[in-house]
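Across the two complexes that follow, subunit A remains constant while its partner is subunit B and subsequently subunit C.
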Partner chain A sequence: MTRVIWADRAATAVLWGIAFFVIGILLAIIGHFLLASIGTLSLSFIFGDPSDSTIGGVGPVLFNSIYILTLTLLLTVPLGILGGIYMAEYAGEGRLTTIIRFSQELISSVPSIVVGMFGLALFVTLTHWSFTALGGSLALLVFNLPLLTRLTEQAIRAVPADERRGSIALGVSKWRTIRHVVVPIAIPGIVTGIILTAGRIFGEAAALIFTSGLSTPSGYNFANLNITDPRSPWSPFHSATTLSVFIWKSNSEGLGLFVHQVADASSAVLVLMVLVFNLGARGLGRYLQRRVTGT
Partner chain B sequence: MSDGIIDGPVPEVEVTVVSQQPAGTDVAGREEPAVTPPRPEPVTHPEPAAKIGAETKLEMVDLTVHYGAFRAVRDVSLQIPANSVTAFIGPSGCGKSTILRCFDRMNDLIPTARVGGKVMLDGEDVYAAGVQAVEVRRKVGLVFQRPNPFPMSIYENVVYGPRRHGMKDRRQLDEIAERSLRRAALWDEVKDDFRQKSGLTLSGGQQQRLCIARTIATDPEVILMDEPASALDPIATLRIEELIAELREAYTIVIVTHNMQQASRVSDRTAFFTMGTDRAGYLVEVDDTVRIFTNPREQLTEDYISGRFG
Partner chain C sequence: MTNASIAVPGAIVRPLTRGERLDLPKRVTLASAALVVVLVAVLLAFIVWNGVQLFAHSGVPVLQVLSATWQPDNTLQQPVIFGLLPFILGTLSVMALAAVIATPLSVGLALFMAEVAPRWARSITQPALEVFVGIPSVVYGWLGLTVLVPFLRISLHSVGFSMLAGALVLSLMILPTITSVALDAFTTVPGEMRSASFALGTTRWQTIRHVLLPAAVSGVATGIVLGMMRAAGEALAVQMVIGNRPLIPTGITQPMTTLTSQITLDMGNTVAGEPWNEALWTMGLILLLISFAFVAIVRILGRRRLVAE
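Our next item is the complex of A and B:
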């Protein structure tokens, strides 16, 4: 009897240990960069003039990150969710779906530098766009769409069959059942998928170096809302260094007096952004689910 | 008690009830007379039909169901009178639920299922070409074994069907919600907070009554129940049974149950199914419940209800 109790306690302790270890890593990362960027991280670091030779002015780069994130999500989320619904509800089982699943896994695991090279050939050279935010977004789409499709499919499949049948038995069509019962129940899973996708977008550097480029037009004018003007920050047709690419660039080029401070502070900003985005997405997911289920 | 007049010998085949509907009443003009095979002298039930209502609401003619190559149900022919409660009893695996789900075409959801023979609602074949399964299911509701309310408020659960069928008027929806909840004997327990409270916070018995209210809200003519009380405690079961007794005034009810006391308590008619050596389920007999439980015609039925079988 005591052996059983001890085994139970040991197992519990190990599981707690693992949980604390994971939380510990997260806190260590956040803590490390916050400590490293003391004295550097300030409002002027973000909103300062980038052309100033002192520390600061990651504002445009941060904006680029958010811009590419948004653009990529705008492309990925509708396609990924519809694709996931299709795979879960309509595709059935057959040779085609097997091939699709295999391709999804393959593309998701292709090294992102390879996707970057592919993007360079396709979205930069072939299209004659040169380095653009849009090209970067499309490169990110290449490996994020299969991931989100897969995660949505899994979330949809996890919806209990009884809920689905309950709606079908009321004479409601399959599509309406999916829209009004299945997808609302699957929202938390879909939101998790979007967060994972978004995390990869924020963090991606390799695929963007060759597609959205290593430079940002100087003198962003946010009042310029003409999206066809390549100098407008809102236009998808200009090169756009993201925060991750900027960190890589600062560290690898190592030019300037304060590169390490800049890289550390930028990392802190990036980690905080990811944190804020995740919490925001969770909140939005909860809100959406409450809206569609009417509770 | 039934009238006790049974003419004709007791047939040795499993199907004892044969269509009382005169040949040629088939609406769509399909070859109904040709399909009905010659059978032993039909056993007629002169009284029960008159007692319950002369109309036949549901009918099956030579129903056969296959799952892939496996024949799960064979040659079921029976009639279900309007505004009555018919219980389906029989051992596990005899195909009761499968047969039940032919009435509302829920078997369509199983890709390998194939249905042969005829299933008729008000004399019209629900499997005929051009008949939409969604239309059939609006007229024939189904209550499941495990309560399956949607993760929404009680109110949204009840008006889910009408909403999906295009009803937008708030007042109408409110009326339907109240009426359905009253009918399902749930109103008094939830009337104060049914708009905010999630259906999932209710007890099992309440959830099942919510599912019945949800079914009633789409205004069906028939309500199928697939072991609706088997996941509930005795008190909740009793409430469901009382509810069935009230609902039979307005609906034709078919209930699958493993509980023979329940069948004898709630139903007017009882159909006993079993399975053959090939594991295909078939109908042994269908008759007035009182007769099935006191003096069944078939030895198999006798054995089952007296516990010597299954």
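Our next item is the complex of A and C:
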């Protein structure tokens, strides 16, 4: 055998080795958190209140995460889909389109900690809201809106042009074509985009420590549905630590007795959520695809 | 829609109705799309305005930020000096080391997925890559703090908190970024180029080295730059493992700090309007400028790629 063939075999072996190594690291990370949270991770941990004397739970923090996620999506999804429709269906080659695309590119490059500083200056200090769930959601909007706009644009662009032509040929107006023909076909792609965005929002922490804050009002009363009352958990106007921020806080505050176990189990929850979000995005996307195309 | 104005022979061309002239859908969608321009403008205004207050409001000489001394506390019996060099060098060096560690793995994995992997292996690596991206940065930070730092402490007989710890954590985080962009670059190399190469009797590795890599080089470089951009901007994971010492980095096993770490730590402990706080905003502005420099590099690489094609 010549050297060339040996080099080829060696290279193939190295590439396989790299793939196994990387997958191995990922499995090790997931396995580590699952093992580390044995004995801690339970329903009472997920839904329970925090405690200083026992393991306690992350119920309120997890609630805040889901609350901020929902609020952010409520703000981001409509704007993102409308913006994506414009970029895919209306935008020409003009200067305005160039400026919008350049802005999208710039904002996706801004570090999230800088977005957090911006949120602090605008939604915390200038508005006199102090640390609020709403301020956190608005900070998250800053870099997730451009992302969702682009994902929607891609999903809509992937719709075959024949679908549009067919509709237009029937005399249907452009907007009705978009609403009743193009967007329904693009729905699987858009939903996948929303779920991927949601996963990112759920894990984000750097943009939230200066905006939604490091504390949570104690004693959440879920029966208090008055959203203008800052003590109600449903109100957007109180500080709200999310699960991600909570893990970061654990490192700076190593005081409590069970900080280590609680943070391990919280990380496991986050990692599991990521898996659910990812598999969910794939599964739901495929399901909707079948529904839409009827295959 | 302007279908009413398309001249079809024999068709009755009706004038546009008021609703059609106004074209509300177009305006509403445009407003949503253009919101990002407003966001960028306001964000830039806030960061730049606050970022220059250290010089404009507190009168600190601009060149002082290039000093290596960081003594922001005016309650101590020391001169107050806002040298940001340790943070800037810290950010750049940990970012570079992370890229050095992650690049061979990422490019190797991308080559594996593009050229070597059978179908079943791709169906594992692709979702794995997505999960890798999805794992939140605080989880990487916590993992670094509880597993990596103790490991380094024992194996290197050091404090553990170090540039190396930060770079290792960051390299995991940027691995999927570089891999997916490099993978795109490899898969867009036309199949004819591979066929032509194989027809000359080359092995797969020869084709990869002499055809694929040269053809995809700007795409791979774009991936590396995007990875470095992410590494430079990452805050919490780095802050948890880097040691947070405002010193010029001297070795990879030494504790050090970065722009993002210092902002993370000090923002909550300082009061708006005092020089210490203003210096943090200046750090934010520098971070923004670093990110924009990377955007510029990506654009230049993209243009080169277009020219090459």
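Following the convention adopted for this analysis, the second predicted complex is superposed on the first by the 241 of 295 C-alpha atoms of A that agree within 3 Å, B and C clash if a C-alpha of one lies under 4 Å from a C-alpha of the other, contacts with A are read in each partner's own complex, and residues count from 1 in each chain.
We take it that contacts are C-beta pairs under 8 Å (C-beta built on N, C-alpha and C of every residue); 3 or more make two chains touch, one makes a residue touch a chain.
What you see is a predicted model; the values in this text were computed from it and never measured.
Comparing subunit C and subunit B on the residues of subunit A they touch gives the larger count to C.
Once the two complexes are overlaid on the shared chain, A:I25 sits against subunit C while remaining clear of subunit B. Using the contact criterion defined above for the overlaid structures, shared-chain residue A:V271 touches subunit C, although it does not reach subunit B. Judged by the touch definition given at the top, the superposed model places A:L151 against neither subunit B nor subunit C.
After overlaying the two complexes on the shared chain, residue contacts for A:I168 are found with subunit B and with subunit C alike.
By the touch criterion defined above, A:E105 reaches subunit C but does not reach subunit B. In the superposed pair of complexes, A:L208 makes contact with neither subunit B nor subunit C. Of the residues of subunit A, those at positions 168, 171, 173 touch subunit B in one of the two structures and subunit C in the other. Subunit B makes touch with subunit A in their complex at residues 104, 106, 109, 111, 134-139, 141-142, 144, 146, 148-153, 155-156, 160-161, 164-165, 196, 198, 211, 214-215, 218.
Interface of subunit C with subunit A (complex): residues 1, 3, 20, 25-26, 28-37, 39-40, 42-43, 46-47, 50, 104-105, 108-109, 111-113, 115-117, 121, 124-125, 127-128, 130-132, 134-139, 141-143, 145-147, 172, 175, 203-206, 208, 229, 232-236, 240, 260, 263-264, 267-268, 272, 280-281, 284, 287-288, 291-292, 294-295. Residues 4-5, 7-8, 10-12, 14-16, 18-19, 21-23, 25-26, 29-30, 32-33, 78-80, 82-87, 89-91, 96, 99-100, 103-107, 109-115, 117-118, 120-122, 125, 142, 145-146, 149, 168, 171, 173-175, 177-178, 199-200, 202-206, 209-210, 214, 244-245, 247-248, 250-251, 260, 263-264, 267, 270-271, 274-275, 277-278, 282 of subunit A touch subunit C in their complex. Residues of subunit A that touch subunit B in their complex: 92, 160, 162-163, 165-173, 176, 180-181, 184-185, 293-295.
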